[in-house]
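Each chain gets a letter, A, B, C, D, E and F, in the order it is written, and its residues are counted from 1.
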Amino acid sequence: MAPAIKINGFPCKANITADDFFFAGLKKAGNTNNPAGSVVTAANVQSFPGVNTLGVSMARIDYAVGGQNPPHTHPRATEIIFVTEGTLEVGFITTANKLFTKTVTVGEVFVFPRGLVHFQQNRGDCPASVIAGFNSQLQGTQAIATTLLAATPPVPTDVLAKAFRVDNEDIDAVKARFK
Amino acid sequence: MAPAIKINGFPCKANITADDFFFAGLKKAGNTNNPAGSVVTAANVQSFPGVNTLGVSMARIDYAVGGQNPPHTHPRATEIIFVTEGTLEVGFITTANKLFTKTVTVGEVFVFPRGLVHFQQNRGDCPASVIAGFNSQLQGTQAIATTLLAATPPVPTDVLAKAFRVDNEDIDAVKARFK
Amino acid sequence: MAPAIKINGFPCKANITADDFFFAGLKKAGNTNNPAGSVVTAANVQSFPGVNTLGVSMARIDYAVGGQNPPHTHPRATEIIFVTEGTLEVGFITTANKLFTKTVTVGEVFVFPRGLVHFQQNRGDCPASVIAGFNSQLQGTQAIATTLLAATPPVPTDVLAKAFRVDNEDIDAVKARFK
Amino acid sequence: MAPAIKINGFPCKANITADDFFFAGLKKAGNTNNPAGSVVTAANVQSFPGVNTLGVSMARIDYAVGGQNPPHTHPRATEIIFVTEGTLEVGFITTANKLFTKTVTVGEVFVFPRGLVHFQQNRGDCPASVIAGFNSQLQGTQAIATTLLAATPPVPTDVLAKAFRVDNEDIDAVKARFK
Amino acid sequence: MAPAIKINGFPCKANITADDFFFAGLKKAGNTNNPAGSVVTAANVQSFPGVNTLGVSMARIDYAVGGQNPPHTHPRATEIIFVTEGTLEVGFITTANKLFTKTVTVGEVFVFPRGLVHFQQNRGDCPASVIAGFNSQLQGTQAIATTLLAATPPVPTDVLAKAFRVDNEDIDAVKARFK
Amino acid sequence: MAPAIKINGFPCKANITADDFFFAGLKKAGNTNNPAGSVVTAANVQSFPGVNTLGVSMARIDYAVGGQNPPHTHPRATEIIFVTEGTLEVGFITTANKLFTKTVTVGEVFVFPRGLVHFQQNRGDCPASVIAGFNSQLQGTQAIATTLLAATPPVPTDVLAKAFRVDNEDIDAVKARFK
């Protein structure tokens, strides 16, 4: 078999159909039964190969009552969200360390500039959901707490202790909650 | 007064707040009482200046029963849509003149590559609506029929007649419907 | 045999010579004996692989008397033309639906911004020819009438009828001329 | 006085000299007498306007014994460092949550991909120093702990508590150390 | 008067017409009565402001018998030429120091990759001319001999002498011919 | 064996470690015992594959007393240098043929814009060294004298003679020194 042509490391299909440009995976709310109380379902090049080279992707984010999409960054994309259900407190922090925060509800839009730490918190009485658009086929995500506390191998405890101005035991205690 | 700093021809605000990154204009369905039976409400740099330089925008498109977003192009952006209401027949044509078409319904996603002619047609029994994401703060739109038949000054009738292989009178008759 | 290295889906040659950067295919006028009365001969990555990754291409366009390069777009390139023979009426339409049109003759230059609908019409008494430069190795082309009326499978007749505000039979009659 | 021409929001000088392309501000070690025990001295467009539009910048980072450049990101640049003095433990975490870490010493080079969380820790017995190159004239920096714990206005305590799986009082206690 | 909006340092016109996208300055052959026996007439953003932000430009190059466009680079563009008159020996040198050279005649195309030293030499019995396309609105040009020997202030003689492995007097003698 | 995935023509490793982002090849001064009296040791994608797609590279340049990095260009990168040892006269020439030159010493920074001819000359009494950062993983280099005088096959002597306004014998004499 001849080797497949690759573009950006992903396969470049020879025989494409309309289904290659279609994705049904965002139809249902994801399972928010997890510590954050939220879940991101992505329609990017990993789940939806047809967006390769097109420079866009989408995601659906669902939030239980009290759930959050915790502080995180996307190294390769700006994110713009449209609230489809519920009410969220959203925010991002600039490189000048200013927080811009807003409460957004159904039908409202908010934008998180490329690479900046941002979050969404469901403070309402019912579940919430957003549709997010990204200007990359593979936005990438670094959830800050997981990145720092649950990497493999672990980020050295004393590096984190010094960064957060706490003791090593404090960091180890928190790390234990991410196992 | 010192001249404002401009970025890409749009103002660069000195004192920004969270409201600059927020847009409420997509909350309500637009008025689809027009010949196409659809309307695009844009959240791009013209209505939502905060996306300037961020490389993203959104739009809400509403479709009456039988309404359509007629064949058009976006010179500067790929578009990815998420259906929020109803059912649509969507499609785009490639530079190899192949049509990729699909019926999409609530919660489904479809992508239209940058610059290619595409359309959405509501063939269902109830109104439809989508949220569209773009990888540009100003996607630009050329609705083909309007571009050809209702430009100012008009595209010469004989140019269009030859292109569509019809008589000048045929073009003039159609142009009259766009006045 | 080891698989060839590919760049952007096109082969990346191991042993290149000056001939890889040379193209003789624009020397002769193309055959304009077709309904449009014009023909585009392209020197892009499909015919001239050496331009791959270089971000440029050229084309020669020949026009019979009365011939036209019908309204079309290039999704991936701005086009700049230099008239080498004859006189042409040229124009493009902006996203604000303004037509910019001009009569250009031998030695004159006109530019068509990326992605916008544009055309050239030979209204003179002799054949015309231009050399076009593009800022892409694969500009792509969508001739509007062909895209709408001769795609495979066909764009639905009623979608076009509604877009152009005509009856289905009108569209079918025009489609028949493109078979 | 005629308004200055601006490029990307920064002034575009009319009369430039060689001094515009020269920067002496990295000659001396910065003062590391601070909680992190390290300091970044930047040669980017804010301190060195001549790099505007050129897409590069540099920084000198000095580390006391035991000092660290705490976990942080650069939204707009990849960073490549060259160690000029001492020995450092360096690392970054990928979007797949893998830590890549290495001990680097004088004359060695390490690269931190754009947008990913990374850090440097001086574990040696003497001060350390690096020269960093960036592929942006304004890399931007978000030090994670400062971003989360010392923003203005503050990131809500309960958002952070939930993200780090600790109590609100724990977060407040740490926030107090960043005042 | 309100300050003009500027884009990339060039004016952004408020009221544009078709003439802004038109340029007649390449119609006539330039005067080749100079030491090189060739002249470049540019249709770039400096002479043809309408190409600003469009990423293309053109030039006409005329060559007397025996004339040359001497070895030079374009820092910001790949160049693709179409020969409109005569015959030329053309070539470029790669970063691996290989010369790719070819004799091209009317109707033939050759491409010079971005940033590489290249030249054209008229070895024929009649004048020659080419139309060049660039993928930048301002390609920039550095003619090597002029850059090295006729800069203001002068490049130090001993720097050049060492580079070319000749004596200072040799360089000074050549510099004198560029005054 | 399955074919390796390639990105930009370079291998895309499946199992990466921290060592892929580490390079020790700049630790030691290179051998400056050559006609230029200087040597460039590169940490780019050819020697340091881990920078592929990251858009940065570094180099160490060492200069003997009286040594020079002769006039050259980088087609794909701006260069920013930091002097680690000694004193250098550095300069670049603009496309308007202006020389910007400066004497820089330990700890000082200078920037050479993308594609422009530039040089460094050690006029001091001791060896010198710089660390250079580039905004490309493969900057490419054309040393002007070598490019013109030592290409394979050779650049025609009469092309160079005309460009430099000297006789063919003068060029041949200089070419002989580059064999």
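Quick note on the criterion: contacts are C-beta pairs under 8 Å (C-beta built on N, C-alpha and C of every residue); 3 or more make two chains touch, one makes a residue touch a chain.
Which chain is which protein? Per UniProt: A, B, C, D, E, F = Germin-like protein.
For clarity, every value in this text was computed on a predicted model and none was experimentally measured.
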| task | Go through the assembly and pull out the chains touching chain A as well as chain C. | result | B, F
| message | Return the chains shared as contacts by chain A and chain E, ordered by label. | response | B, C, D, F
| query | Greatest Cα-centroid separation from chain A: which chain? | reply | E
| query | Which pair in E-F, A-C or C-E has the same interface as A-B, with over half of the contact pairs matching by residue number? | reply | C-E
| message | Counting only Cα atoms for the centres, state how far chain D is from chain F in Å. | response | 27
| query | How many angstrom between the C-alpha centroids of chain D and chain A? | reply | 23
| request: Measure off the straight-line distance from the CA centroid of chain C to the CA centroid of chain D, and report it in whole Å. | output: 48
| note | chain E residues touching 2+ other chains are 3, 6, 91, 101, 113-114
| remark: Chains touch one another in the pairs A-B, A-C, A-D, A-F, B-C, B-D, B-E, C-E, C-F, D-E, D-F, E-F
| request: State the interface residues of chain F toward chain A in the complex, per the touch definition above. | output: 2-3, 5-7, 12
| Which of the residues in chain B end up touching chain A in this complex? | 16-28, 43, 48, 50-51, 54-58, 60, 78-80, 82, 84, 91-92, 100-102, 104, 106-114, 131, 133-136
| request: Enumerate the contact residues on chain D facing chain B in the complex. | output: 3, 6, 8-9
| query | Quick one: in the complex, what on chain E touches chain F? | reply | 35-37, 66, 68, 70-71, 73-76, 89, 91, 93, 95, 97-99, 101, 113-117, 119, 121, 140-156, 158-160, 162-166, 174, 177-178
